[in-house]
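Multiple structures are listed underneath, in structure tokens.
You will see two complexes here that share subunit A, one where it goes with subunit B and one where it goes with subunit C.
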Partner chain A sequence: MNLHIAATDRTPEISLTYQPLKLLIQGESFPEDVSAFYGQVINAINSLQTQAKGELQVEMAMIYINSSSIKAMYRIFEGLDAYRKAGNQVEVVWKAEEDDDIMQELGEDFKDRFQELIFSIIQHG
Partner chain B sequence: MELSHAIELRNSLRKNRVIMAYNGTVSDELMLTLADMLKTRLLAHDDSKRSKLIFSVFMEGVQNLIWHGKENDDDHGMILITEVGNEITILCGNRILKSETHDLKERLDRIAGADKETIRQMYRDGMAESGEHEGPGAGLGLLEIARRSTHPINYTFDDVDDRSVDFILSATI
Partner chain C sequence: MAEVVFDLYDREKLLLAEGQAILDNGDSLAIRQFAERLFDRFSKLVRENEDLTRHSDRQEQRLVKLNRNLKTQTLELEQQRSRLEGLSNQLAKYLPPQIHDALFAGKYDTQITTQRKKLTVFFSDIKDFTRTAESLQPEALTEYLNEYFSEMTQIALSYGATIDKYIGDAVMLFFGDPESKGVREDARACVSMALEMQEQMLVLQRRWLERGFENPFVIRIGINTGYCNVGNFGSEQRLSYTIIGGEVNVAQRLEASSDPGGILISYDTFVHVDDLVEVEERQAVNLKGIDRSIKTYAVKGRKSEADKPLRLSHAQGVYIDLSPKSLSSQDCLLIAEQLKSLARQLEDLQAEQLSLSKELIG
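Now for the complex of A and B:
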């Protein structure tokens, strides 16, 4: 099932489509209730294994993300890694703004934790 | 308040170069308001790299206060920001139980004594942990603050009574 959440001042835009198979997360992330916000996203990612097949494109472009959202995002990466383990290719593109060391480093941290995923970090202006 | 006390307080704020001061319950709404004010000020004074570091430390510090305040019905929150030369210091305070200080102190000492590379490794390990009792950030917040600060984090515990302590965490960027 496709998922689309529009961005707010404090939560990112999130979309998961099946045709083509793509996950996009972009924007700010400091929701008042992190588990309420990310719960449905984590569920949707976890159900990919049974509901989808083939290459999954992931694009992440965060501006500010708080530590509790980072933990939720870790769960999302675990779901992506489980999808990979089920025999599918997962390609992550992590975008950081050109002068944003924090997001650049966070990308490196996730890449380090999920070394089996195809993971590229790119800077954009 | 006596006006003479107001003058003393003002003088003290000036002497310590305080640019933002808050005392009382720290709510989510307050955080959003202060974050907006801080963002506006940072954009006017600092480059965007530095602004992001300051903003990140501020947000983690304040979110920590919100979470602990909610859990413990604490209205002793404190937020202070000072600017001395080109250094911004963010101080966050709240009232905690004496029984909590031991673990917290141990954790803080470990972080304060670690170099940047060790902090980063602790951070990477912490991303996977989900100790709900430590708050939604489950300990990652302190590491985030330490990681973004240009000096080791500083802290103090100020005894209130037999049961409680006022905790203050300070980070400089």
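Now for the complex of A and C:
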């Protein structure tokens, strides 16, 4: 089932579509209740293993992300990695603003932790 | 069905609960299997923790940097503000306060624009200034002049005058722009101000005499009301907020014709202050470029309350203008009785109208 969460001043826009199979997370992330906000996203990604098949395109473009949201991102990446382990290709594009070294380095950290995913980091102006 | 609450640390908490049960049970195989899963989870947690801590450090570092920049910028802004404030205070001494305030509030337009407005223009200068100045030491001259200008300026500002300029020993100011209370009130404020200035000059003269200033300054004042061009005159590079026009020259000419220590006003000013001041009509003056003879009046002082005309007017056709000086005691009584009778009739009329409207509503 498709998922779409509109952006707020504290939470990013999140969308997961099946046709095409694509996940997008972009914006700022410092929700008041991280578990409540990301729980639905993590559950949706975990259910991909049983409900989807084929290549998954992932685009992430974060501007600011707090530590609790990073913990949630780990769960998302674990879900993506589980989908890969189920025999699917997962391609992640991590976008960071040109002058934002913090977001670039965070992308590097995820890339380093989930080495089996096809992971590229792109700088944009 | 109750909504399942998601917990980011659900797996860790589950492991802890499970571990407690296995430890209590004491089954060595179960403990070993549990230890393996615990090790796996713990390894992941350690990695996550490393990443999170590093990320947190980076964020802190950025915050510290931003905070430092902010502090530097705040300091620079404060220094700039302080410099601007100093500059503003210095400029305030050179500009009319209304213009200065409008400029610094960003409300003043520095375009070369002028407009025609009815203003009350004031001129004053010190009688025999050149001769008096020559008899004084420069230091003393500066001291007395500064004292004179300070006191006059203070009075002028308290009446809301726009100080146009100081020309040597002369002062030129006006009422009616950039702020105006109406032509009549502007003229009255100007004449009241002039009276206070001459009163203050008497105080200054006594003070100066005591300090050895033998022939203290005496000033002449001329006031005229009329249409002038007011606004920014000059070029794009250098502007002067001032007034020009024939009526300005009239004020200057009146000042030259005024008695030392006196105030000479034109008829156009007089009509606005006739109930305010005692005057003495003086010789009319003629000026080049002004095609009328200007009637002049020397101001002799404020009118007492008893001399003020008794006035009453209403749009419905009531107009009463009584001059107390021309009324005898008998006149006063007679008019008072007539007015009382009229007042009673008006009250009866009003009561009648009120009861009629109540009946209609009822």
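One rule holds in what follows: the second predicted complex is superposed on the first by the 125 of 125 C-alpha atoms of A that agree within 3 Å, B and C clash if a C-alpha of one lies under 4 Å from a C-alpha of the other, contacts with A are read in each partner's own complex, and residues count from 1 in each chain.
One rule holds for everything that comes next: a contact is a pair of C-beta atoms (placed from the backbone, for glycine too) under 8 Å apart; a residue touches a chain by one contact, two chains touch by 3 or more.
For clarity, every value in this text was computed on a predicted model and none was experimentally measured.
S.K.: With subunit A superposed, do subunit B and subunit C clash or fit?
M.R.: By the criteria stated at the top, subunit C and subunit B clash after superposition.
S.K.: Contacts for A:24 in the overlay, against subunit B (first) and subunit C (second): which applies, first, second, both or neither?
M.R.: neither
S.K.: After the superposition on A, what does A:34 contact: first (subunit B), second (subunit C), both or neither?
M.R.: After superposition on chain A, A:34 lies in contact with both partners, subunit B and subunit C.
S.K.: Is A:93 touching the first partner subunit B, the second partner subunit C, both, or neither of them?
M.R.: neither
S.K.: Tell me the contact category for A:102 with respect to subunit B and subunit C: first, second, both or neither.
M.R.: After superposition on chain A, A:102 lies in contact with both partners, subunit B and subunit C.
S.K.: Is A:113 contacted by the first partner subunit B, the second partner subunit C, both or neither?
M.R.: It touches subunit B and subunit C both.
S.K.: Between subunit B (first) and subunit C (second), which, if any, makes contact with A:42: first, second, both or neither?
M.R.: The answer is second: A:42 touches subunit C but not subunit B.
S.K.: Once the shared chain is lined up, is A:70 touching subunit B (first), subunit C (second), both, or neither of them?
M.R.: A:70: touches subunit B and subunit C.
S.K.: So which subunit B segment collides with subunit C once the two are superposed: 1-9, 127-135 or 163-171?
M.R.: 127-135
S.K.: Check subunit A for residues that touch subunit B in one structure and subunit C in the other, and list them.
M.R.: Residues 34-35, 67-68, 70-71, 74, 101-102, 105, 109, 113 of subunit A touch both subunit B and subunit C.
S.K.: What residues on subunit B touch subunit A, complex-wise?
M.R.: Against subunit A, subunit B makes touches at 28, 32, 47-49, 52-53, 55-56, 59-60, 63, 120, 123-124, 127-130, 135-138, 140-141, 143-144, 148.
S.K.: For the complex, which residues does subunit A have touching subunit B?
M.R.: 10, 30, 32, 34-35, 64, 66-68, 70-71, 74, 99-102, 105, 109-110, 112-113
S.K.: Show which residues of subunit C lie in contact with subunit A when the two form their complex.
M.R.: On the subunit C side, the touching residues are 5-8, 47-48, 51-52, 54-56, 58-59, 62.
S.K.: Within the complex, which stretch of subunit A touches subunit C?
M.R.: Spelled out, the residues of subunit A in touch with subunit C are 34-36, 38-40, 42-43, 67-68, 70-72, 74-75, 101-102, 105-106, 109, 113.
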